[in-house]
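We just call them A, B, C, D and E in the order they show up, numbering each chain from 1.
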Amino acid sequence: MKATRAVQKILANYEGETPGVKANLCRMLMTGKLGGTGKMIVLPVDQGFEHGALRSFGPNPAGYDPHYHYQLAIDAGLNAYAAPLASLEAGSDTFAGQIPTICKMNSANSLMSGTAAKDQAVTASVDDALRIGASAIGFTIYPGSDAMFDMFEEIVELRKEAASKGLPTVIWSYPRGEGITKEGETAIDVDSYAAHMAALLGAHIIKIKLPSDHIMQDEARKVIEDTGVDISTQAARVKHCVDACFAGKRIVIFSGGAAKGANAVYDDARAIRDGGGNGSILGRNAFQRSREDALKLFADLIDIYKGKA
Amino acid sequence: MKATRAVQKILANYEGETPGVKANLCRMLMTGKLGGTGKMIVLPVDQGFEHGALRSFGPNPAGYDPHYHYQLAIDAGLNAYAAPLASLEAGSDTFAGQIPTICKMNSANSLMSGTAAKDQAVTASVDDALRIGASAIGFTIYPGSDAMFDMFEEIVELRKEAASKGLPTVIWSYPRGEGITKEGETAIDVDSYAAHMAALLGAHIIKIKLPSDHIMQDEARKVIEDTGVDISTQAARVKHCVDACFAGKRIVIFSGGAAKGANAVYDDARAIRDGGGNGSILGRNAFQRSREDALKLFADLIDIYKGKA
Amino acid sequence: MKATRAVQKILANYEGETPGVKANLCRMLMTGKLGGTGKMIVLPVDQGFEHGALRSFGPNPAGYDPHYHYQLAIDAGLNAYAAPLASLEAGSDTFAGQIPTICKMNSANSLMSGTAAKDQAVTASVDDALRIGASAIGFTIYPGSDAMFDMFEEIVELRKEAASKGLPTVIWSYPRGEGITKEGETAIDVDSYAAHMAALLGAHIIKIKLPSDHIMQDEARKVIEDTGVDISTQAARVKHCVDACFAGKRIVIFSGGAAKGANAVYDDARAIRDGGGNGSILGRNAFQRSREDALKLFADLIDIYKGKA
Amino acid sequence: MKATRAVQKILANYEGETPGVKANLCRMLMTGKLGGTGKMIVLPVDQGFEHGALRSFGPNPAGYDPHYHYQLAIDAGLNAYAAPLASLEAGSDTFAGQIPTICKMNSANSLMSGTAAKDQAVTASVDDALRIGASAIGFTIYPGSDAMFDMFEEIVELRKEAASKGLPTVIWSYPRGEGITKEGETAIDVDSYAAHMAALLGAHIIKIKLPSDHIMQDEARKVIEDTGVDISTQAARVKHCVDACFAGKRIVIFSGGAAKGANAVYDDARAIRDGGGNGSILGRNAFQRSREDALKLFADLIDIYKGKA
Amino acid sequence: MKATRAVQKILANYEGETPGVKANLCRMLMTGKLGGTGKMIVLPVDQGFEHGALRSFGPNPAGYDPHYHYQLAIDAGLNAYAAPLASLEAGSDTFAGQIPTICKMNSANSLMSGTAAKDQAVTASVDDALRIGASAIGFTIYPGSDAMFDMFEEIVELRKEAASKGLPTVIWSYPRGEGITKEGETAIDVDSYAAHMAALLGAHIIKIKLPSDHIMQDEARKVIEDTGVDISTQAARVKHCVDACFAGKRIVIFSGGAAKGANAVYDDARAIRDGGGNGSILGRNAFQRSREDALKLFADLIDIYKGKA
């Protein structure tokens, strides 16, 4: 499995990182139908913790079975499959070694009230992730939450241990909480700020939402106006977020959000591609469709990222 | 003790798990009059901590003696007996090796006021459970409580250690706390969510309450209406909860709640059986009856689970 | 020192316990004038921490000297002497091996305000207790306090270590705190609940206050009325508390409370004896009397427990 | 699985032991066709380490496969199957929970020259044994070897940890080494001495070879002559060895040695039975026969131990 | 990267193993030109430690550069590359993720005299192996050496830790030392014994030398003659060694030994293939040839293992 030029160029940005981290990044970048292009599509299935099984899998009941998602990710030719420890474990024997997995280390839920709702519980350890053969750890931070500093300190510790044992870190950076308005959660200034903090926390792969053209902070608005940063198109906003991740020296992937029409998903992907993002991480838009539709969707997205559509 | 097909099929779902965990699951599934059927009935006696000895054992004072419950579980031909460490210890010599025991690791109580009442104290360690010869550990979580994340992090650590030493984990998943209305505690959406979280936390056996047809979350109601999930009967609701546990790849048992008439208990069991649940975990409905009545109740339940009643 | 039948029968209840724990229980049960009867009287002197030396020893200044209490307990022919580590240490050389001692591991005080007042500081370790030759550790819990879970987790750890090193655990179980009314602290339902929780936490000897006929919890009142539990006399209430301790399979002793007339103390002892309790643990009622009066008091109590008075 | 009187009587001899150890002893004593009789037959397959696969399994090549032995022990209705960690692991999933296993913790071999040949390597830990679901650990000592003290210190540590985590210890006590003549290895004085040392090292089950009427030590010969200890028959010599194990308060089983005719094996078993031994641990005599012959042999032995043959 | 049937069948033999171990075994078995066939060829370059750089790389000085070997293994389409930690590290950045690596954990050398020469130094830790992204650890044992037991205890510890963190263990099992004659080092009885011991020590992949028809132990000769084990051809002897590894339930690969003519190497490979071995691990025969010749050699071997030559 010779790494392509495109992949080697990406890996070279991870200076001073352990070879194990690079080997696992390489593995993810070289796997699947986008293998070698430097682009990636990941299937994340951690919504069960956050919304319950019913809301997550009710629309497509096949998804109650953890095997379904492994098989979908493999058959669609994706780069990796992300899920909480126990979900991964439930298929870890059947699918051992067949697709890189990202072990999600913390989990939110929507039963909780008040402050606690802006935090997550840590539900796995680095050695757990190694034990089940994961290729990376995943962790959510909520920039803007009062629990933010605790979350930062948790991921810094986990990332340090994971990197020393050869596992890269994927950070889900989702602005949320006391300091953030509802619109602000995807505001271009806040979103790119969240992406930048993930990079500063040592993320090897950064996962954010697609930014809107809303601006939450007045200070940010001023800089945008003064300097003429282009935020007029989705691609332009993606580019700004990618810039915020060490000038594109970190892999940035964008989440798909709630289920929506296929064309909207395709438009998003084209914007990600044109703005220089590295790919998509699509959960509900995939597993809440029928398997057939999901495979079609992924095939189309792969074509888009390959520049064929 | 050759494992039956039914039991082997269940064990095969626990992928990536240590052989010791499977051996102990096998032991519980092969013990008692339901041994080998894949169904199980467990006697749990941890209400003393939660309600005191008087309220728990006053109705049938024989129950003040820990030996009574061991003997009842053995004579009734149950699969396992669950209790706090010191209760188990109090009969650990007399009954050594005669019935699988589940060491309950945390305990609530009803003397506590306010917030703390939504938490539990950890009152045993994995090595304690091994020392007294237990076949599993048990742990309660309160999804919806502000203490939920702490409880999650406690059980994740305990489960990891227990599994590495060959002990499976039973999670009592009881929605309760700041984020949950009284009716919500057994609402179908909340209950199945609680079951799903237990699975995601790595439970090998999941214990929940029987769900009502109440729906607490509007988002859940929408999914139910949109997708036509059947929640019209108790059996249908059981089936939905079983689905929420990795499509039935985890053992799910249902608690009996407060003492009630035998016919109500039988109706519950038939719904559990018809919905694909794995069995009952009956405490007050057993030990608050006379020994004679309790033995009759268990005998009838065993017939129901065997499909004879 | 052959253990009597009565003592052997008590020891047999401690199933699964280390032989060292049984040896120390035997030592306490076979010491003093009640040695061999299965009854015991203990002198506890830990009020200094809780109320200060002045309030504790002012009435009988001889008590400022730790030697005084050792000598009193020995001369009165008691089973054991309980005190904080440093008090025991202060006479540990002079009285080495002359009377079993119980090292009190945590301590309250009355300088503290608010919530903290419902907790205690841990002021000794198991190895400290072994080093000074103690025969048991003692620990106070406050069922009903918001600090209760912390206290539970502390004593569970200490008890585990102590038992593994051959030391039994005495739990002082005193309902107190946010969830308890003033009257509730000695209410029969709350007191027996507290006794039961001590048993569930692994206490080998349980120390509670004598219960009143007050009932704090409505649910408990209902059970008492429905089942006809007798709480009409002190002896009947003692019996209920003893039942709550694994049907009398744990040693239960009753504290004397604030200083009072000798006859009241005698009445208490007769009720303890008639209700099946194992004895008295008398502090202020002993050391706040003159040595002469205290010796007389203990002699009379010994007669009562021997059924001679 | 109610323990029979016979089993309960045996368990009662293990005073001061953890309930977990008793539970696992009970499990082994209650399993298989001899379950409940107090007698046991164990299949040990650790000869591969000592003699190589060829010499062990060449005569019956089916034995190369670790599954073969699991299946043989289960189908023959034995009490337990003993093997090194990796052999057990190789069938740990397929046979999880179907027969108690004894994890052999150290291993000899016959490639080694000189002094080292009288020692063994420790090849597993207690947590390994727990992880794969074993019901006991096994360990060989060579009384008479210069490495004896090291072996004693190893097993003392392992036994302490195993007992604290609920696992009993089986000691293979085989006189061998610098201090022992070839004939002395099975001499009645040496063999009973080896059995006694195993008891003194804390063995819960003691495995020795059948003793000959040879006497190695002159001091022993003198005592035998002076006191008239009967060593004239195999049964008498078995009785002497059983006496040496705390007057029969420890389970003693006898190994079968090299493969021989069925009648010789039956004679051994009758002598073990008549001398009060607890059973046989038969390796080469079982797995070097065809499966059919081995099953016949075990069936006959079971009849002998049941007193039917 | 869907695992083929052939690979899944091999993985299923590793019962009770962590999913991470299986994932890494799968990765090695699915990599390179033999990927998916169940056969494998590994390039090992650890001779520098044993013989010095001059003797190892003098014949083909390009081999002084660690990058040379990485590139050779990748270009030849091998399954894995094995070397000591520092050698792997020297190319770990350039080749990160491009080929599975096996981190050799101990190393011999030929400067040492006498007894010590029969041992090896441990020169890496499991976390080192993870840090540099290795897919397995490798370890040499010398059955027959007086240092054998120390080596056994070292690998047992390393294997336990490695497996718990998802890394499989490759054991180089080379009979050598005080108990072994020169001819005995490759004698069929000794070689198959060495293979069996590696399996019993928990090796996931076993590396031995091709056995000769010499027999070192008289007891073994007897079994061979009595049972008619076929050792007449290289393929038959390979088959016997494979049988000795849990009846072929472990991957067995054969080393090539000193440099020799290509045809001899091909004959070896055909015998390995025909005897049911899993492949070759070729060092000097590869890197002491020119790159061109080595690539030709590997290409031919791949054809042989594919059954095309």
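Quick note on the criterion: a contact is a pair of C-beta atoms (placed from the backbone, for glycine too) under 8 Å apart; a residue touches a chain by one contact, two chains touch by 3 or more.
Predicted model only: the values in this text are computed from it and were never measured.
> Provide the labels of all chains in contact with chain C and in contact with chain E.
Looking at chain E and chain C together, the chains touching each of them are B, D.
> Show which chains lie in contact with chain A and also with chain B.
Chains touching both chain A and chain B: E.
> Give a one-word verdict, same or different, on whether chain B and chain D use largely identical residue numbers at their interface, taking over half shared as same.
Result for this pair: same.
> From the C-alpha centre of chain A to that of chain C, how far is it in Å?
That pair's centroid distance is 59 Å.
> How far is the middle of chain C from the middle of chain D, if each middle is the mean of its Cα atoms, in Å?
About 49 Å, centre to centre.
> Find the geometric centre of each of chain A and chain E from their Cα atoms only, then give the gap between the two centres in Å, rounded to an integer.
Averaging C-alpha atoms per chain gives centres 39 Å apart.
> When you check chain B against every other chain, which residues touch at least two of them?
15-16, 18-19, 89, 92-93, 132, 164
> Once you draw an edge for every pair of touching chains, what topology comes out, line, ring, star, complete or other?
other
> Judged by the touch rule stated earlier, which pairs of chains are there in contact?
Touching chain pairs, listed by label, come out as A-B, A-E, B-C, B-D, B-E, C-D, D-E.
> Show which residues of chain C lie in contact with chain D when the two form their complex.
Residues 15-16, 18-19, 164 of chain C touch chain D in their complex.
> What residues of chain B sit close enough to touch chain D in their complex?
Result: residues 1-3, 11, 18-27, 30-31, 74, 89, 92-93, 96-99, 127, 130-134, 164-166 of chain B touch chain D.
> Quick check: in the complex, which residue numbers of chain B touch chain C?
Chain B reaches chain C through residues 48-49, 51-55, 57-59, 61, 64-66, 68, 84-87, 89-94, 107, 109-117, 119-125, 128, 132.
> Which residues of chain B touch chain A in their complex?
Listed in rising order, the residues are 13, 15-17, 143-146, 148-149, 152-153, 156, 160, 175, 177-180, 189-190, 192-197, 199-202, 217, 219-220, 223-224, 226-227, 229, 240, 243-244, 246-247, 249.
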